[in-house]
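Two complexes are shown next, each including chain A; its partner changes from chain B in the first to chain C in the second.
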Partner chain A sequence: MTDRRRINGPSGGTSAPIFSKYLAKTPNELLERPTRSRPNNALRKMFLKTGVTPSASGSAYLELEASKNPKSTAPGLSSPSTSGLKLTCTVHGPRPLPKSAPFSPHIILTTHVKYAPFATRKRRGYLRDSSERDLGVHLETALRGVIIGDRWPKSGVEIIITILEGEEDQWWGDGIGHGNTAAAEWGMMSVLSGCITVASAAIADAGIDCVDVVAGGVAAVVKGSAKGPSPNLVLDPVPSEHKEIIAACIVGYLPSRDEITDLWVKGDIGHGNQNEDTAQSASYEELADSAVQAALGSHRVLIAALKETADVKIGRS
Partner chain B sequence: MSTTIAVPGQLLGATTDFLPGPGTHIHASSIHASILGPISRTVPPKPAGPSKRLTKITKATPEPLPTISIDRDISEGHGQGKREIIPEVSSVVLCKVTRITPRQANVNILVVGESVLDGDWQGLIRVQDVRATEKDKVKIFESFRPGDVVRAAVISLGDQSNYYLSTARNNLGVIMATSESGNAMYPVSWKEYRDPETGANEWRKVAKPF
Partner chain C sequence: MFVLPGEPLEPATLPSHSTIPLKLGPGLLHIPPNTITPTVAGLLRTDKRKNAVWVEFNGGRYVPTTGDLVIATIQRSSVDVFYASISDYTPNATLPQLSFEGATKKTRPQLAFGALVYSRVSLANKHMDPELECVSSSTGKSEGLGPLTGGLVFNISLGMSRRLMLAKPGEQGGLVILDELGEQGAAFEIAVGRNGRVWVDSKSLKGTLAIGKAIQDIDEKSLKVDEQKKLARKVAREI
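== the complex of A and B ==
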């Protein structure tokens, strides 16, 4: 369905044009794929802060460091190869249910995930599309296992996430005819992991009872580089940094209970020895375990951010 | 201040050492925090001593366990970041009458305990819950009028939209009322309010002021 109420931009990509003379001048700088500079088991730097929206019951902001082309001298944001992640989350409630809603002995959880129109290189519409609704459903699954719903009868809570800067699904250069074009939506995985982490911080800020703080984590099997041809298992993958991602896994993990509330695996994995590529790559369990490791990393950031929140609220910062 | 902050899921202690208070939950026979906030332990007051001389040897009563809880209202006095609270059974609420029918009075719940509510919570006082005696003679229009502020107790979470409230106690009932001519009235008896300007009396289920 098209949005008739607003004047919409073109539905295709609207990235700034690159002129051929500009390409010719510095071809290396522009057309070089960003490379992963951190070790395979390291996460990107993460910034998390709660209480960013005063009018909401709880809110949080999450930012992941943008990956830079190591040779690029331009500041991070103006470089065309950036791929960061910026999310804001607001929690409204617990508030009364609408009159038409049936009696509910526990809290009703509603999640909304929306990309800002400018969040990715390919412009997003104003209405939520199917991938955004998909993210919302996954987020709800991840959070429902954490919230103690019985403490808040007859009430609803709304969790709204706006993605200000989304992860790209592939390197932008791949889109213009260099390398493979068959990219799946790999960016969604990191986005969902970020959504889980940021929502968990906002819920704790809102004071809704939870059994634990749920943290999101992603791991992926990527095709090896020229140096090491065998597939690698990496934590917190940035899709634009890898030529080909074989499989990726995202978990919503409860560290103090050692439980998983949401698990989503995408890609080609777990066939045993059928395929030459996957024969050397990691198994399904290894991939999930790595995702849990990534979740543990973001959990540490979460705990630190929450303790900071409580300190500020008590007034002894 | 030496309070320690707990985050949800944090282990607070075993159920054999503490009693779970508000803001905690039990998982695998140990107490975990369920909200973010400072941990507080309250030790029950010890009895001053045996009230009468012991004449026989009895088993020592086990020492009452301290209660461990998480303070929900951690930002008191800071204005922003207020905690949400919802009406529970047996909590005393202040509400405003919006509509009356012969069977019931519809109210908006404004305050629970000491905290002002944010949302629009609906309540209902049925005719049989207005007072404790002579329930069959109660008439809603002789007990409440739209606009009255009522102190009531929650007796049930009710149906899909309304909490069920009761005023069947001496200290519950109308605490603020305006007369038909629009003046604030004062209570003169357990069932009457008087308008100070016209001197006319109106019927209400009056809350005992003290």
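== the complex of A and C ==
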């Protein structure tokens, strides 16, 4: 449905043009794909802070460090490097439902995920499209199992996530006629994992009763990395760092109860006991376990951020 | 001790008493038979005398509980009940017109929109709108409750209002501002509501504003005891 109410900006790229003096001397230097320098089981550095929006009941901001081309000589912003992930989340509620709403014995959770128009390399519109609605449904599934809904009958809580900078689905250089087929939406997987973590921090900031602290983690089976041609299992994948992603999995995990609230696997993967030609490719169970490991890593950052906020808020009494 | 939702609590951290059963305060969930988990992130506090345990977190939302003293603002009145607002995000609470001291069907209190009332929450559960009362149900006397005339009301955080309402705010909560102001000779009247509101009345408008602003400053900047004493001296000079 086209948006006829607003005057939209020109559709197309969102990156600013760069000065030619920062262009590489040889074209090979520029068109080199960024590589993954961290080990397979290491996550990117995460910054998480709660209480960024004073007018909301709870809020949080998450930022993952951007991956860079190690050989690029241009200073920070002017190199066409890949982007990191920046998310902000606000929680409003629990607040009473409107009088016209039917009675509900538990709390009604509403999630709203939106990419900012400047968040990805291709400009997005102002109205939510199907991928954003999909993210909202997955986020609601992940959080529904954690919030104790019985304490708030006839009430609703609204969780709004704005993605200020999103993950790319593939390296931009791949799009320039290297023969790559249309990439599936791998960027959305890391974005969803960040959404779960940041929503969990905002809900804890709002003081809404939860059974546990849910954390999001993502893992992928990739091909063609520096470690060799056989498929590898990596945690916290950045889609532009890998030539081909075979399968990816994202979980919402509760560490204290050892439970999973949301699980989403995409790609080409089979069970462990299936006989396959490439015996080294990972199985579905291994992929899900790695995603749980990634969620544990996010959980550590999450509880450190919550403890810091609590120290500031209550430290004096 | 800082706790997170879902963290298992060791029995050693919980108080035990020979006769009184363990009382669970806000922020804890009991899973039968013998698991107690926190449901919010905050500091775990215990009281050995009353055998109570709760999680303290400075949230923004006031949840009405029976027996709390709150400052309510009258919104409108109907045939036999006032509708008063306890907080911005909850439906109005009902305050019967007859639950004031000395009120009969012929003589009811006349409260207009915006009037302030110091009342107690008589009924609060998750299914119904809260109800207030301005008279003690057992004795029939007001015991300090009732309409607040004059003065100004200020918004403070819930944690600050809890500290102000402690039995010994100086020792337990680190608040000496009110005692210091009294020592410096300032004359004022004060009422604190657990819903994050404090009412101050003094002889002059300047004094009222100064005291109210001082309490808000202590809340926002989390001032320590000696800073509070300095602030009290400054405020007393202005009055």
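The working rule: the second predicted complex is superposed on the first by the 282 of 317 C-alpha atoms of A that agree within 3 Å, B and C clash if a C-alpha of one lies under 4 Å from a C-alpha of the other, contacts with A are read in each partner's own complex, and residues count from 1 in each chain.
Just so we're on the same page, a contact is a pair of C-beta atoms (placed from the backbone, for glycine too) under 8 Å apart; a residue touches a chain by one contact, two chains touch by 3 or more.
What you are looking at is a predicted structure, and each value in this text was computed from that prediction instead of being measured.
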{"item": "Fit-or-clash call for chain B and chain C when the two complexes are aligned on chain A", "value": "clash"}
{"item": "Partner chain in contact with A:212 - chain B first, chain C second, else both or neither", "value": "both"}
{"item": "Which superposed partner A:254 touches (first chain B, second chain C, both, neither)", "value": "both"}
{"item": "Partner chain(s) touched by A:101 [first = chain B, second = chain C, both, neither]", "value": "first"}
{"item": "Residue contacts with chain A in the superposition, chain B compared against chain C", "value": "B"}
{"item": "Partner chain in contact with A:51 - chain B first, chain C second, else both or neither", "value": "first"}
{"item": "Footprint overlap on chain A, where chain B in one structure and chain C in the other make contact", "value": "57, 94-96, 148, 151-154, 204, 206-213, 254, 256-257, 303, 306-307, 309-311, 313-316"}
{"item": "Complex contact set, residues of chain C against chain A", "value": "2, 4-8, 27, 29, 37, 39-43, 56-61, 89-91, 126-127, 159, 163, 173-174, 222, 224"}
{"item": "Chain B-touching residues of chain A, taken from the complex the two chains share", "value": "51, 54, 57, 93-97, 99, 101-103, 105, 148, 151-155, 204-213, 254-257, 303, 306-307, 309-311, 313-316"}
{"item": "Residues of chain A that touch chain C when the two form their complex", "value": "57, 94-96, 146, 148, 151-154, 204, 206-213, 254, 256-257, 303, 306-307, 309-311, 313-317"}
{"item": "Chain A contact footprint on chain B (complex, rising order)", "value": "1, 3, 5, 7-11, 23, 25, 27, 32, 34-38, 72, 74-75, 78, 80-81, 83-84, 86, 118-122, 157, 159-161, 163"}
